[in-house]
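Sharing a structure below in structure tokens format, with a few things to ask.
By letter and in written order, the chains are A, B, C, D and E; residue numbering begins at 1 in each of them.
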Amino acid sequence: MTAATQATAADERVSRQSTLTRVLRRPEVGALVAAVAVFVFFAVQTEVFATANGASTWLRSASTIGIMAVAVAMLMIGGEFDLSAGAMTGFTGLAVGVMTTHWGLPIWLAILISLLLALALGVANGVMVIRTGLPSFIVTLGTFFVLQGVDVALTKAITGDVAIQGMSLVPQYDQPHAVFGSALDVNGGSLYVSVLWWIVVTAVATWVLLRTRAGNWIFAVGGAQTSSRQVGVPVARTKIALFCTTAGAGWLVGMLLLFTTSTVQSNTGIGQEFIYIICAVVGGCLLTGGYGSAVGAALGALIYGMTNQGIVYAGWDNNWLKAFLGVMLLLAVLLNEWVRKRAELAR
Amino acid sequence: MTAATQATAADERVSRQSTLTRVLRRPEVGALVAAVAVFVFFAVQTEVFATANGASTWLRSASTIGIMAVAVAMLMIGGEFDLSAGAMTGFTGLAVGVMTTHWGLPIWLAILISLLLALALGVANGVMVIRTGLPSFIVTLGTFFVLQGVDVALTKAITGDVAIQGMSLVPQYDQPHAVFGSALDVNGGSLYVSVLWWIVVTAVATWVLLRTRAGNWIFAVGGAQTSSRQVGVPVARTKIALFCTTAGAGWLVGMLLLFTTSTVQSNTGIGQEFIYIICAVVGGCLLTGGYGSAVGAALGALIYGMTNQGIVYAGWDNNWLKAFLGVMLLLAVLLNEWVRKRAELAR
Amino acid sequence: ACGGTGQPSGAKDATSLNLKYAVITHGAAGDAFWDRVKSGAERAGKDYGVKISYSSDADVAKQSQLIDSAVADKVDGIVVSMANPDGLKSSVEKAVAAGIPVVTINSGIDQWKQFGAITHIGQSEDIAGAAAGDRLKQAGLTNVICVIHESGNVGLEQRCSAAAKSFGAKMTNLQVDGTDDNAVQSTITSKLQADKTIDGVLTLGGQYAIDAVSAVQQANSKAKVATFDLSDDVIKDIESGSIIFAVDQQPYVQGYLGVTALYLKDINGNDIGGGQPVYSGPAFITKDNAAQVEKFAKQGTR
Amino acid sequence: MSETLIEVRDIGKRYGNVIALSGVTTSVHAGEVTCVLGDNGAGKSTFIKILAGAHPHSDGELVVDGEPRHFTSPRDAQALGIATVYQDLAVVPLMPVWRNFFLGQEPTKGWGPLRRLDRETMKRTTSTELAAMGIDLRDVDQPIGTLSGGERQCVAIARAVYFGARVLILDEPTAALGVKQSGVVLKYIARARERGLGVVFITHNPHHAYPVGDRFMLLRRGRSMGDFPKSDLTLDELTAMMAGGAELEALSHELTAELGQDSEVAQTMSQDVKVLDT
Amino acid sequence: MSETLIEVRDIGKRYGNVIALSGVTTSVHAGEVTCVLGDNGAGKSTFIKILAGAHPHSDGELVVDGEPRHFTSPRDAQALGIATVYQDLAVVPLMPVWRNFFLGQEPTKGWGPLRRLDRETMKRTTSTELAAMGIDLRDVDQPIGTLSGGERQCVAIARAVYFGARVLILDEPTAALGVKQSGVVLKYIARARERGLGVVFITHNPHHAYPVGDRFMLLRRGRSMGDFPKSDLTLDELTAMMAGGAELEALSHELTAELGQDSEVAQTMSQDVKVLDT
């Protein structure tokens, strides 16, 4: 026993490893390098990109996607998908819009009710997945379709229109607008609060994933569900909580959208669910679950946002937008992978 | 040795199983029952659904989705995704359209060239996935974006429009039209050739999956890639062939679309890639690979097609379309799962 | 729903005819423009006591299948928008051959006759686009972006290209992700920041005009915003001057008149237009006449 | 010493139409080691999975501490102090060794929102517990999937021993272990018995089963062939029983023919056969 | 009898910065059984994965039939008649047993597009080969993931034996096996040797290694401790070597204390220690 413990100090079975290499092996580093590369590329290519004004724009567009990407990444680490996440952003926004502009509910109450609705949907998703044993891809696809229909049809039925109008005239609009929709003036550019929310969400998610029991369980249920069940991880509880997380993030983003643009339309968020998954995967999450990081997902969203806006700044033929986006994404992911492999092989 | 072999006849460790139960345990049966349920539902709810005319419509709409769903199911069984499959249908159609209406190439030559282009893209997808070790979700997402950009930008650049016009005036249009776009008169309704193609594709895929070495390898690489590599399955070759299959199916569907409607739009197929995956999953394929069936995927497409058209026949409010679709899908999948579980537990 | 009260008494009673019309468009679900077409058609159906079933699909192959479905369903008339006439040709002709009267609305002004429709109502995206382009020219703009909120949508592309033609000066298309307003605002802002000479933004939906107005403020640009289609908020912005005009194609009219044309054909054998297309617009909403339409925009019919 | 912790009565388990186990009756006592023996596929793992709560039983009764139970999850069993080493080890390959060790029962420190994993304790405990088994890991931060088969097994055992409060269930714990590590596991079992735990131990190695076992339950083709106290058996009888009698004789002859009369294996086998005959 | 099939010279393998194997030199001869022994994590599996082509080696030379090779895939090794049983068995859990058995080397019948799997042969062969090992499956159409650990291992072994043309590599094949099945595996090894195959056999059980082995290679912490012909060793020496000497002594004392002087395990251990001392 003693013989074994003392051998830890210097082990001939491990080759030396520089601190740099050790840093490079963190899962986020590949995405970070790729993000820096994209930034440098557009900063050099265009004038506005690296200015405060430019940054405020691409940060803003990355922020809402980023919040969702982080939540979706957690869920993916836990081995599930939520295709209703995109529609949820529209749903919560519409709910608040309808409740305030048409039913005259106090704005904060409406916000609270929409949060409860979102969480209830999250729980419903989770319970259905657990109870039926169906893949979450299918269950949440069902929820997605239902939400999409509800978004259009209910909004239309209640308001007679397919978008919320007159939101800014609602009493006390200023208060939630300050919390969700305002912008700070930083160095000439405006920093939207959505960016701050994004940072907070990423930090909390990272804390939860790496430092708490819940985080341990998330990695476990995604990595090997049967095994984790066997050692006593509360699989159902963990997964339902994860579905609530994406639903809650959907609510947050719904509020951010509603109070930044002061309107939501019934097709808000439709089709975005895959963007979130894409950002998470670009940031290093495995589609099969059990591996990934919140910071990586946030960086994935940053890459996506920067590329999207960067192409506009560069003034490239807009018809090619998607083609450029595809090539840039591929290059970013390849760079990411290359960095990681380098790090793994480094001696 | 002898003692062991003779014990096979009657084994006290196995309870009796009726032939019915054994039939019910095939992976497709759940989907079949769900399809029949959907059919009966709409046949009762609406007058037209079960007529020859009605059937011809929903069969046609299911057929093109079905062909892709079968190919995508094979790829999913092999453990990979192809998000470029939808865009590929538009791409090949547009390629033929541009080559014939604008460059005046002979129509069969154009068709051949577009097939080669599709296969080349399939190989490119496969090689990238194998070489880089990146998830195919990301690699084919890149291809998807590039194709989407090319579809819009190139078509616009060459034809000045975002859709192919005047296709039916191309010399010898009749020949491929007969092969890909014609309809037979059956019992008062028209049976589109695309339905025949669908049946052929499903049959061939089933044969390959269940009766050939290639099929064995597809299940193996999807079920446990490292293990299959260790026992000598040519993983790279199998996967590249699978990507070629989806690309080839994309080409076939592109031709079917082009010669049935005599036009393609630059956004044809965009967003369909997930429909294919959905149909495959509804038909019993696992998202994680290694399990599924071609017939199941075809039935998944049938359920999707019938539901989509059935809702139209039923005359339900269009705004609720997606909600109905979601509910029907969920019910179909639940029924599917229930039948399968019953069958497994049946003694 | 059709109780029979308040119906115009025609040569024949509609309820006794038990008419059923299909309205099949290429609009996306939840699109404000097509939502008004739908409202118009449904209102007409209610007014005449006719059953209306509205369906739509932006994919031309699927739209043609919807027409086939309607034919199989033996409806009494079809209203169809033909953004991509080639793809609908065989289906429309089949409907006509089956003795079902067809009215085309919105787009398809060059083909309706050839396909055998009884009339065409509305004006094509081309005409509306051209009119918008003219207006922009009159406003003295020189560098305008045309915001396409759905990539590859034929109708949107037609609006932009027609506007570009009649506008004469520089007009570039900008693709945005229409399902993410945050991204729409960001992208327009980026474009305005990247090219300071842009002095006009033309959006193709009321919703995106609101986004464009915020983006212009955000980018500190002096660009003027103009848009297709109306909404309550758009009217308010027109009144406050942040949107210079809105092109109103009067989609409600297209839906309503489309059904009316079928109805008159059925009860009285009329051919509206007498072999010529009927224009439904475009109307321009500016500061001067915004107040008049405000009420209707609020109720979601303009 | 003879407090009954777990009692199973006429228990059975079906997977669909496969009857993996039927009519098994036995009990686990405090301070006693019950060895479950049997051929491959006899149903041993199925049996212990029922005790561990990993699979619900289809027939019969499971009584823990005098109360009939129907575990729906391994958590239920753990709550009663039952810790298990599964044959497939139940580890999460992509997770670091130390996280796997404490999975499901992580120690925390801090309060409220700052309540967090006690990482130092976790890492330290993991490496000391493994070192005690003779496994000297390079790095407890390594994903457990990159450990060798035996190292992985040691993690699973060390974990169960660390958390096993009243009953310790071990499904072929020594299968992938070296001689030294196997010795440690046997020592652990002996110690657990001394501390008054009930132990259920599955192995194919009579040399491991005999020294530590108090009672031996034999399963064959899903049915129990009876429970034998150690006093009724010699090692040779046990070995013969495990190997399955008559068929063994044929094999023993073959082996003798191929490996020569003086081969160790052949000798052991023919001895076993002789024991059976007597 | 002494044709050299495989020679490795100074071979090494790193996983990132983990050095799993370094400087190992040995050779595999036709008609000879080379046993690879060593503690858990010593590098045995890594060593055979190199021979099998599953991992390329990082250092040194691998010579097969006199030609230096750098396998990039297990197919390369298979093409040279090398068949392997991996410690993790390399099966595809969701696939039926018979498909797993023939995976990668499926027999076909028919021509051209009608060329198809010879399903009858495949199923028949699978069940006879397994029956020969004493595994009597209910149904070869069962997914292999639902077999018991030992049954699964038998499939992997039967497959390798069936396809092994010139070299047979077995990584702890008897770990999960019952006494009877272990006997069959030893018999197979003996038979393969007689047919002139080269066999590489890894085990932790000296009672399995000694009777069939011709040469014994000992690995410790990734390095070779040398190659010993059988004539230089007794079973006891072998056991002592496997258990690692000095540390064993401490363990033996502890065990004696806990299990009592007459415990079998304790006795064996103290014997081993004595052998080492002499």
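Here is the rule we use: a residue touches a chain if its C-beta (ideal position, glycine included) is under 8 Å from a C-beta of that chain, and two chains touch if they have at least 3 such contacts.
Model, not experiment: these values are computed from the prediction.
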{"item": "Intersection of the contact lists for subunit B and subunit D", "value": "A, E"}
{"item": "Shortest path length from subunit A to subunit E (each step joins two touching chains)", "value": "1"}
{"item": "Remotest chain, subunit D as reference, centres from CA atoms", "value": "C"}
{"item": "Chain whose Cα centroid lies at the greatest distance from that of subunit A", "value": "E"}
{"item": "Dominant chain pairing [most C-beta pairs in contact]", "value": "D-E"}
{"item": "Computed distance of Cα centres, subunit D from subunit C, in Å", "value": "73"}
{"item": "Between subunit D and subunit A, distance of the C-alpha-averaged centres to the nearest whole Å", "value": "44"}
{"item": "Centroid spacing, where centroids are CA-atom means, of subunit D and subunit E in whole angstrom", "value": "24"}
{"item": "Per-residue overlap in subunit A, given as positions that touch at least 2 other chains", "value": "1, 13-14, 148, 152, 156, 271, 319, 321-322"}
{"item": "Residues of subunit E engaged with two or more neighbouring chains", "value": "18, 88, 134-135, 138, 247"}
{"item": "Junction residues of subunit C - those touching two or more other chains", "value": "29-30, 151"}
{"item": "Chain-chain contacts as defined at top", "value": "A-B, A-C, A-D, A-E, B-C, B-D, B-E, D-E"}
{"item": "Parts of subunit B lying in touch with subunit D, wherever the complex brings them together", "value": "1, 3-4, 12-17, 21, 344-347"}
{"item": "Subunit D residues touching subunit A - in the complex, by the definition given at the top", "value": "52, 54, 73-75, 78, 84, 86, 88-95, 99, 102-106, 108, 115-117, 119, 127-128, 131-132, 134-136, 138-139, 159"}
{"item": "Interface residues, subunit D side, partner subunit E - complex", "value": "15, 18, 38-42, 44-45, 87-88, 134-135, 138, 142, 146-151, 153-154, 172, 175-184, 186-187, 190-191, 194, 204-208, 210-212, 235, 239, 242-244, 247-248, 251-252, 254-255, 258-259, 263-266, 268-269"}
{"item": "Touching residues on subunit D, where the partner in the complex is subunit B", "value": "14, 16-20, 221-222, 246-247, 250"}
{"item": "Subunit B residues touching subunit A - in the complex, by the definition given at the top", "value": "132-135, 137-139, 141-150, 152-153, 156-157, 271, 274, 277-278, 281-282, 286-288, 317, 319-327, 329-330, 333-334, 337"}
